[in-house]
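Please find one structure pasted underneath; my questions will follow.
Each chain carries a letter (A, B, C, D and E) given by its place in the written order, and its residues are counted from 1.
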């Protein structure tokens, strides 16, 4: 019998599995075709190019209700990515802080951080999103509260609410209005086939990049000096200079100014409005994920045995140097893989935007578009494909990293 | 040679108490709260934060109202007792609707059934977790799924019993075939026999048995499930069903057969790569395309199946970690003793790998349990959003906001926190177990 | 060890005091772990500390380079008193090398980087020079060829020798060893002891917690026996082993040499 | 070992062939690890295999119960040829016991369960009977009182003896030992060697990879020296140690006996 | 067809709303109540003879049409707007209009707005997944105005956001606005703007192609409307059946003719449907009428005889 021969056994099994798998696949496809026929539906993506007809309140690139459903999906994807990106950044900062503070010798602080971690970890993230949205809209003043009427002026009354940060930021029930950076003598848009680029931004980043590169060179030089003489020259002011002087110069040249939000009839206009739905979603995800990251960071630091820091101390290294030269490089290896899977989770959790009706990918492609066109099969498959692509990209980056930093052992 | 005097201690020194600066509350304060400028600042900041929270939440909680029939009444009572403009919590809502948070629309005279099922859950998992308990109890664990199904959904007892017989059929076929054909083939035969049983024998046999010995409970439709009952049903079913599936996936992923490995990896990565919510939408929107025309089954069941897939992918990864932690020597020793692959897995590898994986499995379970709230988005009445939405649609409670969320949130917290502490305890217990 | 003819003539003890401990006490919480320890170490002395487990040997050693803080009494290392003054601590630590039982090499750095890290960042030695020094000491411990490997790739004995080389690269005047061979397989112990012997022959001041009595007899010029946090007996090795005075010491020696 | 008077008279070698290896070759990828190995083992023979690290001793042993697959040549164990046929492999494995360097006991099972597992599941022996056999062999290795403990609670030497008992419970005709004492502390080595000697005295066919030359001299009736994947020399122990023929063997023996 | 399935099952499965006060929401005991729910019950009474033999399946704006298309529910009575594309492209049949609605705006009085045309630049709360989204876009486009949408998931959330000031105006079907306004603590401070920017005929829908089942729903509904027109109520229905001389009423109540058999039902179907929760007017008054906290006026939904649009074709 082939099944008893180690050489053929696995091949036999695999052939059987393959046949079963193919049967299963064809069963699925067959059913789908039959169901589509039964419902008198087609499977095509033409609807993506039809007019969408709905508006979206946060659009990072141009969009009107005349744009196509595809464009709407793209807007949603950008919104998803924006929330994920900012969420990850915030979660990292918060999580690392909390994780380190949890190890603090300060009794009160370490207890408070434990409470934070436990509370956030053990309650569904959906609740944090909902509460975040509620707090933001309940605890903020309406735009009308900023209004100064003539009667009030006459009576010398102050409005109920006023802008913060030198009258530049207005926090209302709808969102947070912050000044927008503008340039006076802007460069024309760069029209390339297919895409149009904001050349102001382009130039800005080019100059900034050049500054960073120069800074990198300065540090490299400092390292060489240190290697040669043992003494490291002081470089921080040079770094500051090469990074900031050219960029600030460029901004002044272009006539940089801020466009402050102003109260119009109903709303603040001008500036950039950060919607509460975005803030609630992003912050809730960030504080929730931060609780997990805090645990990861704590475990990572604890995983580095006390012996390592003792050895460093015994060699005469100061605590700060010990941290940066000995503990952190090792802890990072332990921390980064689970950290990245937290990033993955956060990114996937942005799909809970549905709870606060933030128009992310699920809100546009998987929400309104699906609803208006009734193309559930196409929309859902497309959406899964996009999420899968994002996830696989992140995790393959993680694998690369893991391979790069793996400890060499016998 | 050196100048030292040989030295012999004639009497030993007794231990002394540490100097005063090393003792007492002051030392504790100094060391734990004010040991340096940074720590002092942190302490003060922490105190300020604490104060802020208490001063904001305190009055609201203090002004709680427990007895009222509507939000308006609550507001009137608060205004009357604490003065106009005072804010307070209206827990009267919880008093009025707690049963829906716990049981959804389950008929109230039958509340004993889910309650009993829930209590039995602990009896059923106890023998799995405590190896000291009599092994006989495992029998209860085995029949628990059928029993619970019957308790929760009601109807004829024979339906779940005959369904469980399917597993019996599997066992019999497997036993008979295994010596001759080996594990994989006989498992396949068993699966085929079981499916045949379920497809063709289930209904008639159950009907016959029912006519012989009618044992029936009032049947309850699954659309009446809601609240924590729904969460627990989805969570427990999914986790227990996902465990065997996760084990198979993990073994598949470690298999040296390329095709099996690829399929396992593909499945795991696909499921882990998409948000749960899209899987839930698949359950509610897409399954109708993938199943044969005309087949339509319960949305709760569909959700459970997809949540099971989701949990299985995560558990497979957890178990893979456990497997990786086992030294190669264990496999070799099993081989050298002449155990075959499945015997080695069952007797040597899995017991150890699962033990290592317990913390990971429990945290997957906690995550899964929390994620059951997402079923609200496919129209099921989860405790957090679904039931709250219903309550807020009631004309009496229209406008209530914080209380339902806080209520549901704290129950979630209690359960999840309890589970995580329990798993820590278990981990510690199992670790010392052998030394 | 005996096979190796040790040249005791080179091991000179000078009159200068390297370490001076007076009436030192230490508590862990309520537990009085070091009780009224008095000890003077001359430059060039090789001291072996032994005693039952938990008697405070490690704690004593670790107090000397302030890995632990003592609560009363005085520790002077090369004339510098160990107080809370960070400057003093830094000074002492850069003069005192320490070798741990579990090596504590930095696994993310190569052997060479392990050895040059402290000289570069603490002593501010140019990298090139630090590497030369490192290679010198690595040759001395007979593993120059492993310089570009990572600690995980070496055997235990090799790792411990790297740890010794790493300490030596800081050119310390005093070396502390805390049971440097007890985590090693028997074959590897010899490698490490040989290294330590050659260090002793060069006149390094050494304090060594160890139960390798062969080593103690071969190189130590003094053996200190501790129990319950106090020094119970100290003597030069021959007298110590052949003619212990205290009952406690006799009991201990009978156990340790018996097996 | 010499202290123990070994009764060589009981160790009879029969004429039947237990293991027959002909022209066996094995590669790991491109690496030719076993080169044209030919070997015949009679029933009752006690063979010690030695050689430098990496010479393929473990691989040879592991090929005999098919933990590794050979690529050419033939291995006959008790007349059964090791091929890809699973049935043959199962048969051979249940007749050949193996003891590993790192014991590989199952930590989640008690000692008794470790010993009864394979008899119950592979030999389909009733549990009671399996337990009796297990207790018998545990008494033989002198640890019947540990039967209900877990492996983690035993010392290394005890664990290795359990590993031997576990193999014996399958009543194998041939025992393979892969450096059974090299992971042990010196004190524990003796316990295990004693157990092995008593096995030898009962006439068990044994192949043992070891560097315990005392053991080889005491019980082996043949010593095989391997280098670079090939058998370089084989002889009866006295001749092997006193009068090695090959240069390679001489060099090896000088190293191993020297230290 | 579906009718046979329902009869065989002995239960009607009705897709409904769980969070719309007055139209469909379960109460503290888990019993569904509301205007749409009453129609479900009437159908169950007509088909199965028992108004309680109905199972309500909660649907969301996103899942409702799939639930119907996949056969998960027999009929969807969930304030869904009858539009061309839903009827034609999504392959459903809207069988009648049980509520004529239109999309309106609610604003706070102190906003100083009296017409929707003054809302240029305003922030507007809107439920996602409904036709209102498209109407709103069309309306502002047509009037050359701009707005910022704040999308929300359900009515309760919309009301909260609006009250919290997260939007200047709340737009949804006028009935919903009225219901929301009625339950606000300071109802006088909110006004519903006069413009109705869309037609929102809400009605029950069934799957395309199952005409018999469509007829059952359609005529059950018309039976309720006709009953109101002829003064048949749940209170006097028995009496009417026995005493009436009006042949139309006789046919409606199954005393004469055999309309039921044509539908595939028995002849008392109409009587049972009306008896279940009363005629159209009674249902309206009990769930959303002026006596309830929602206080909707009949308006367009008055009978044609009273200047409204509710008009039942003749029963003959």
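Quick note on the criterion: contacts are C-beta pairs under 8 Å (C-beta built on N, C-alpha and C of every residue); 3 or more make two chains touch, one makes a residue touch a chain.
Since we're looking at a predicted model, the values are computed, not measured.
Number of steps on the shortest path from chain D to chain E, with steps defined by chain touch: 2. Common neighbours of chain A and chain E under the contact definition above: B. More contacting C-beta pairs link the chains of A-B than the other of the two pairs B-D and A-B. With centres taken as mean C-alpha coordinates, the chain found closest to the middle of all protein C-alpha atoms is B. Note: Cα superposition of chain C onto chain D, rotation of 165 degrees, nearest 5. Of all chains, the one whose mean C-alpha position sits at the greatest distance from that of chain C is E. Measuring from the averaged C-alpha position of chain C to that of chain D gives a distance of 43 Å. Per-chain Cα centroids separate chain C from chain E by 89 Å. In this assembly, the C-alpha centroid of chain A lies 60 Å from the C-alpha centroid of chain D.
Each chain gets one centre point, the mean of its Cα atoms, and the points for chain B and chain C are 53 Å apart.
Shared interface positions of chain E, defined as residues touching 2 or more other chains, are 62, 66, 69, 160. Multi-chain contact residues of chain C (touching two or more other chains): none found. Annotation for chain B: residues touching 2 or more other chains are 281, 285, 288, 377, 401.
Partner chain B is touched in their complex by these residues of chain A: 3-4, 10, 13-14, 16-18, 21, 28, 31-32, 34-36, 38, 101, 104-109, 112, 118-119, 121-127, 130-131, 134, 138, 344, 348-352, 354-355, 362, 366, 376-377, 380-381, 383-384, 387-388, 390-392, 395. In the complex of the two chains, the chain C residues touching chain A come out as 65, 67, 90, 93-94, 96-98, 100, 102, 104-108, 117-118, 120-129, 149-150, 152-154, 163, 166-167, 170.
Interface residues of chain A facing chain D in the complex, by the touch rule stated above, are 4-9. Residues of chain A that touch chain C in their complex: 226-231, 305, 307-308, 310-318, 321, 325-326, 329-330, 333, 407-410. Every residue of chain B that touches chain E in the complex is listed here, in rising order: 72, 75, 96-97, 100, 104-108, 221, 223-224, 281, 284-285, 288, 294, 296, 299, 377-381, 386, 389-390, 392-395, 398-399, 401.
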